[in-house]
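Just dropping this structure here.
Per-chain residue numbering starts at 1, and chain names A, B, C, D, E and F are given in the order in which the chains are listed.
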């Protein structure tokens, strides 16, 4: 595998990227047909962040964060750095100095399938990170990887320029070329949910709201009054 | 296995249920002879909640949350919905719409051996959840399960109507018919601990408070002054 | 294996211990050549604590916390209790009563390769704990272990009197005799990082700050303008 | 929880127990409506064993195998000893001496949610074991448990006298009172599968054999000739 | 996400596919620059199999094996069926009947990121499987997936028609269009290793064979005669 | 941490090392007071091997097997190479070429807290390995570690020259200076077990053989005739 840095990538429309971020992971995941989620072991280092950005990717090796210094040069404001590993690793590849640098270049967040450290500093800086682990384990800078190549991260394929949305529920990727379409679908979903929320809050049953009773009966669900009726 | 919904179940005395909730998981678990705990992978989605309620159970299948819509109809105020899976699964079976519905029906909490999503919303709504995972992964509504049958959830048998107590330490189940007795035992334990806490806070050693020195010596424990005396 | 309590151990200089604690885990781990870290599954029960102390060790068995009562007698103010297990176990070996006792004796924290409970109380008391799990599971007092013997805890050898530093990034151990030297190295590292942080915050690239371009080129890294140039 | 040994339990018809064992785990699990399976982490210590027996249960504590000596007295020929733990543990609670004793009393196998050791000896003796782990870690005999009480083992409720079937696919439990009925259902399933196996071996598609094409089309499955047709 | 079956895919040259299979996973993985490996939790159900084939893919959902019946129709002799899951699942989606069908259609093996059952039968039939788990847990046929779309399986992207090589070391995927080139590189590697193997077997040190001494010294490696010389 | 190779280490008496190997892991672990076991995730790559040897250690970094080439030079016939990692890693650091080299130098086995590959070849060569994983993932040779320094491997401290015993039950380490004493204790244990085995095989209960009835009664164990007597 050749080690390469691709300096320029296409990104989705900036307003669509930001808008997808505001809609959140669950909504965007559903709006694109329940695809694109990273595995659920990817957790935020602090609660409450919600962000959308364009993926700038790095493929790195266990115990080696060299390419995280290379990635800084290709970031554009609004990007999210997405780091994939060539094999499972929890070392602390990223800390407050790298975060300072990425923030200065305009990065909005980090998604890394490895460990991070200085999480107290990162929290105070307001730089959100989704990671596999928190670990202070230091890393070397000895082996090349690549920047801005397609990667599989936490079980999901991410192509540079894809839209990344991350919040307390996890991380989802949207293909760059689908951003506008998924944004539309996500907004329709939100609108539809608002109406349902009101009816459910008023005490209407989901059984009735979603008209499930017939399908349940047809599938064979039996209601009895008490355990004695079994 | 027949798929069934049992509409009416017996519940423990409401005041006892609430009182057990206030005493917390560790105390209740000890008071009933160190039984009833769910596995420790069941974690709250936010810190600080403490609750007691009557178990309404659902048995569901991986990737399918259909029965979570069915369960709403049989909830009574003060219930806790307990969801068991037929095989391990982390999909996000529950979110803010279902929480809105359960809250409207009087449910106090959810305990689910799978994933949940919309955790930021759930936190703001103040609807506490203990789960195996946080995941935005959407689910289908295709396969029947059952409601209000006995289930094994996170390694513990829960019969509908059992008392569920949950807090930052995890989740414990108390058999419905034992609620009053365990409440008494738990209160005695708390009273006894208050006295011990004062003595320990004053610097008295647990060795002396619990009169352990003789048993330790009998078991063969040796004290030496320094590593050089080994 | 003889079961023994060593009553008196040597400790590092108290000021150095405290100063190491203030510098934090990542800095101290790097300052001693990237060694001494406990496995990353050791997590704090609440965010924000940072502490340094002298290790008082206990070796205990799964499901049995007897020696945690013994350890109280040998604690000196400024100590951190470090508990190793003879085999993997997540039982809740430690709660608010033991914390009350340890605090009264001057202990600063607990590091335990098992579970803890009463975490809401511990949080309110401000007694920081790093553990493998949170679990209410009660334990017995039946089998002897040892106090103040060298132990392997979460994959790292800790000798009584070693300096323990713990924060949101995890836990690191420093050999007692190296405390002054590592403190010096850690302070130098912090000073060097301050300068780097300023330059990175101003937008300078890590590539330039660390003078990596030549080494990357020599290793064979290739830059291309766009994916079409591959 | 009172610690008790129940000396006499009811067992299913011996011929039915043996016959269920011969039919194997997958068939029996399906025949009873896809219930009763222990979690898949329960693995045989050697390949090729297939066995059915009546469950004699023991509830033990982490690191303590005392009750495994007690259980020997209540075994009847044809039994399988089922060991549940009060919290997760991988210690080596069982080895060749205990196996010698259980074999002498007529036990057919061991199912244990903990570790075992002497696996080379057990293999040579032909005493099959399904366990969570293989570990030489020794255990104490200090804390009472119970024998022949209902237990949850590897996520499944087992009542003493239930039929246990175990093979290379894992372990399944059948309620004692259902043994005859499930045996009938399992035999019908085997007969039906024989016919299907012949047709599939002759190259008939499952799509046709199970008449799935209409349902697939109705659900919306689309066939295209090549990737270019998407 | 549209649910689709792509009936015809391009495959690599049949002789190259078979030859890659004979060279084995480690050699092929190295020959293509250390890429393409599936995660190491993918294990063979029996030891000793080594196989190469063309990937026919299926994307399925947790607890649902419907598409495994659909895939049979698009198999050509020499194919390997590769099954990806939309979220983690260990259910036993595949057994002897499906294996009978796939064998009859010419499939060489199965690679599935879920569970399989009837492993004793599969072993006797000589149908090799690499899976995440062995489990008898039955599955439903209710939700559509897709056949012959690109999938991420066990952390690796597999496009239909890619070459799959699997043996006791795991599973690796080779892009269809690279098959001939990687076969050449793999053969060169084997030839080079034969020479090295002879020299190492004769007692020559790897240090000398690979001429590492200078690089080690330059990197700072220090040799001392005994621990006393540290 | 200085990177160092210690060329000469003290070893235990060769006959004692071999004899300990023949006695096996469980016996040796018990004979030294239930200490020295590596975690149970360390598994043999093939069943049936049993070996004893003197530990030659290597400390390496994730994804980097450089020091495994260095270690060959310091091996003496009868040694077992023990590889510790600076952080968790499953890469395939060792294969048939390294095994050929180690065998040529007289090594008896490998114990590695990472992955290995070429396991079919290693099995045919009869070179036993105990590892954390089987993985074909290739590694680099970029970062120095150390050889023949004390290491923590799979949770246990191993000092160069310690006796390593490994078999199907796992791996145990014996301090070099204790080898003769532990060998004596292990032989006594085996002799005592032979007598017990005969009595148990004849049907005598462990309860009687170990004279447990009085202690059980004193601890409060209650016998009842049937479930109805509870």
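By definition in this document, a residue touches a chain if its C-beta (ideal position, glycine included) is under 8 Å from a C-beta of that chain, and two chains touch if they have at least 3 such contacts.
Predicted model, so just to flag it, every value in this text is computed and none were measured.
Under the contact definition, chain B and chain E share the contacting chains A, D.
Looking for a copy of the B-E interface in C-F, A-F or A-C, one arrives at A-F, which has over half of the same contact pairs by residue number. Note: centroid distance chain A to chain D, computed from Cα atoms, is 40 Å.
Centre-to-centre separation between chain A and chain B, using Cα means, comes to 30 Å.
Centroids of chain E and chain F (each the mean of its C-alpha atoms) stand 30 Å apart.
For chain F, the set of residues that touch two or more other chains comprises 2, 34, 37, 86-88, 90, 135, 137, 143. Chain pairs recorded as touching, per the definition above, are A-B, A-C, A-E, A-F, B-C, B-D, B-E, C-D, C-F, D-E, D-F, E-F.
Within the complex formed with chain E, the residues of chain B that make contact are 61-64, 86-91, 135, 137, 140, 142-143. Residues 1-2, 32-35, 37, 39, 86-88, 150, 152, 155-157 of chain E are the ones touching chain A in the complex. The residues of chain C lying in touch with chain B in their complex are 2-9, 46, 66, 69-70, 72-73, 90, 92, 95-98, 100-101, 103-105, 115, 117-120, 123, 133-138, 141, 143-144, 148, 160. Those residues of chain B lying in contact with chain C across their complex are 24-26, 29-30, 34, 37, 40, 43, 47-48, 50, 167-170, 172, 193, 196-197, 200-207, 210, 212, 216, 219-227, 229-230.
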